[in-house]
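The same subunit A turns up in both complexes below, where it pairs with subunit B and then with subunit C.
Up next is the complex of A and B:
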């Protein structure tokens, strides 16, 4: 069974058709890239998947359950984790508090299963090489460190489906590799990942499958090597077939 | 000695409400301008019940019931309104509570207030009263410091920095804000149990807007969201206010001067703390 199934999903905001009849499914353990030009509806789709927007039509199923009307926090409790384009880190809180707040938001049974939260926090910070900065304010971190912390925090809080919105945006090239390695780690742990990204080499490196959105519609869906060579992708990004 | 004990009582009465308010307004950035509206409802609930039944237990129970109910109404409003809308609505609720108190004269005696409020037997002497208020205050200090350092405090701060990020991690705004509203409401009940007994009078003038300005000045001057700041600021501003009594001026001048002074303190504190009070909100 698919971990995520989106069926005939449409969204209209202020008479603008932002998403048009999108249907897709994602298998457990897949790493799927979501690409497309600016304004194609990628982040809006993530907002619908994580519960910040309610679709006009269609449904979203997670592990077979219809979650279309569920709130963002309820979806988070079910195992959907979101990593935001503009760094979903609480800058005025310490690194330790940033991880703690995610762990403490879990339902009681999940929280108990984690054991000693302080140890989990320490482990999370060690995982991304930030254990020496536990008491520092998160706002003092670099973009790459913030991104690593955000992904690690989402992983340690037991999420199963990761929605990563431009994880390499604002990240130094050296750190981009670390972010890629962390995503590969998620894949090894059989986590399911959806990534919005403009960096095509990065997408090719970490994803098993790529979905291309254009003007709110799914226009391509396939392996990275196939999608990269597809004429339609060239048309979307360059306006016309460059070979013609 | 009596004046010192009076200061102890007055400071002890301001600390719980200031800490509760700094948790909600300071840390949570919830524009709730109606804590004195909650206070007037609690005060009258306690002492009208006391007058009707002669029982302090019944009065306090009614105070807790009404304090919790009004706090839940504010929490409900907070979940349904934008922050600025809540600010306006909470002022309106405060004013509505005052209109009811002033006009429902059969029960509240209107502008005359309720006089001759008896003290509980063990609170009849000033030292005992000061001791009881101090113990109650210490309880609330411990509770609010614990709340501030617990998951509740962290989740309040996370929600105030970015509601979207916090929700995406599973933080429930409804749960967190409702708990904070109720904690503040219960601290207000505690203050009201003591206040009218202390002056033997429950009077609507003590619940007008200037009282809220004083509370706001304490919280903003003490750094919004800071528990230590709320305690220190309560001490300093109460000392300043009570110290004004020694200025040799007629009461008709001293009253407005005091209001003006706290208005200036509030404006200065808002200016100095403008980045903490009105931070840039981050959205998805």
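Up next is the complex of A and C:
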């Protein structure tokens, strides 16, 4: 069974058809890239998957359960984690507090199963090399460090499906590799990851599959090597070749 | 010195009112214009329990706070919850409607007579300053209570969730922090803080039904001047506005003339206008959110 199944999903906002009849499924442990030009509906699709928007038509199933009308917090408790393009960290809280609040937001049973939360916090920060900054405010970190903190926090709070919205945006090139390595670690742990990204080499490196959105529709779906060579992708990004 | 003490007394009342307002704006992003009426509810119920029924003051205060909390909860369910997800400005109108209903009820139940929870104050005079024992207690209580709020915000799980929601609401929700529960809790907490303000007013001065809106305006002046989502900025501005009010009416101007006490409330409004002209995002907007 797919971990995530989207069926005939459409979203209309103020008479604009933002998403049009999107159907896709994602298997557990897959790392899937979601690409497309600006305005193609990628982040809107993430907003629907994470519960911030309710679709006009269609449904979203997570582990076989219809979650279409569920709130973001309920989806989080089920195991869906979101990493935001504009850094979803709490800048005026310390790094420790950023991780701790994520653990405290878990349902009581999951929280108890983690044991000593302070040790989990310490372990999380050590995992991404930020334990030396535990008492610093998160807003003082670099873009790359913020991203590592956000992904690690989501991972340690027991999420199974990760929605990463442009994880390399605002990240220095030398730290992009670290973010990629962390995503590879997620894959090794059989976590499922959906990534919105404009950095195609990055997508090729970390993803098993790429879905291309254009004007709210899925236009391509396949392996990165296949999608990269596809004529449609060139047309979407560079326009149709008049000689062809 | 007397002016400073007076400012401390008035500022403590404004701080209690505006603290809750700041939390509500920070977490829900909505304006609540029924705040002054929540304060009066707390004050009047405490007066009724203590003076009319004859219950001990601490029990009466507890009763006033509980009733105000229930009224605030009803206000949330009736005038905020159905609307604020559609547009954050809708509660601006619906809470005005709710405040008018509460005003009418208060007038109906308690008439226009001024009531004081403690009729006889125990006045002290030292170093040229007049202050009552009750006022000393109220100032101390406010400071202790605000310190307790600070402790909750910075040292408890609930506080961390509130701060996380204020700083990045979407990220907080996507971590599993239930906005529905948090929003109710914070709104009711603001009603409790307002009720304490109303009880403060009823002990220090008199309660009259017309005070609801001026109390709300005073709290908003501090909120807007401090920076709408800056909790500590709001508290500082509550005391600052109280000080400016005292200076305005307590010092001689223009050749020894004093400004009439009736113009005191104009100071808060003038202060908002000046702040909005000079720093539209609030005096403490240069600092990051201090919550």
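Just so it is clear, the second predicted complex is superposed on the first by the 240 of 244 C-alpha atoms of A that agree within 3 Å, B and C clash if a C-alpha of one lies under 4 Å from a C-alpha of the other, contacts with A are read in each partner's own complex, and residues count from 1 in each chain.
We adopt the following convention: a residue touches a chain if its C-beta (ideal position, glycine included) is under 8 Å from a C-beta of that chain, and two chains touch if they have at least 3 such contacts.
Here the structure is a predicted model, which means the values were calculated and not measured.
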{"item": "Clash or fit, subunit B versus subunit C on superposed subunit A", "value": "clash"}
{"item": "First, second, both or neither for A:157, with subunit B first and subunit C second", "value": "both"}
{"item": "Which of subunit B and subunit C A:237 touches, first, second, both or neither", "value": "neither"}
{"item": "Touching partner for A:139 - first (subunit B), second (subunit C), both, neither", "value": "second"}
{"item": "Partner chain(s) touched by A:104 [first = subunit B, second = subunit C, both, neither]", "value": "both"}
{"item": "Which superposed partner A:71 touches (first subunit B, second subunit C, both, neither)", "value": "both"}
{"item": "Touching partner for A:50 - first (subunit B), second (subunit C), both, neither", "value": "both"}
{"item": "Subunit B versus subunit C as contact partner of A:93, first or second or both or neither", "value": "both"}
{"item": "Shared subunit A contacts, counted only where both subunit B and subunit C touch the same residue", "value": "50-52, 71-73, 76-77, 81-82, 84, 88-93, 97, 100-102, 104-107, 153-154, 157"}
{"item": "In the complex, subunit B residues that touch subunit A", "value": "151, 154-155, 157-158, 161-162, 164-173, 282, 284"}
{"item": "Residues on subunit A engaged by subunit B in the complex (per definition of touch)", "value": "43, 47, 50-52, 71-73, 76-77, 81-82, 84, 86, 88-93, 97, 100-102, 104-107, 153-154, 157"}
{"item": "Interface residues, subunit C side, partner subunit A - complex", "value": "157, 160-161, 163-164, 167-168, 170-180, 288-291"}
{"item": "Subunit C-facing residues of subunit A, complex", "value": "50-52, 71-73, 75-77, 80-82, 84, 88-93, 97, 100-102, 104-107, 139, 153-154, 157"}
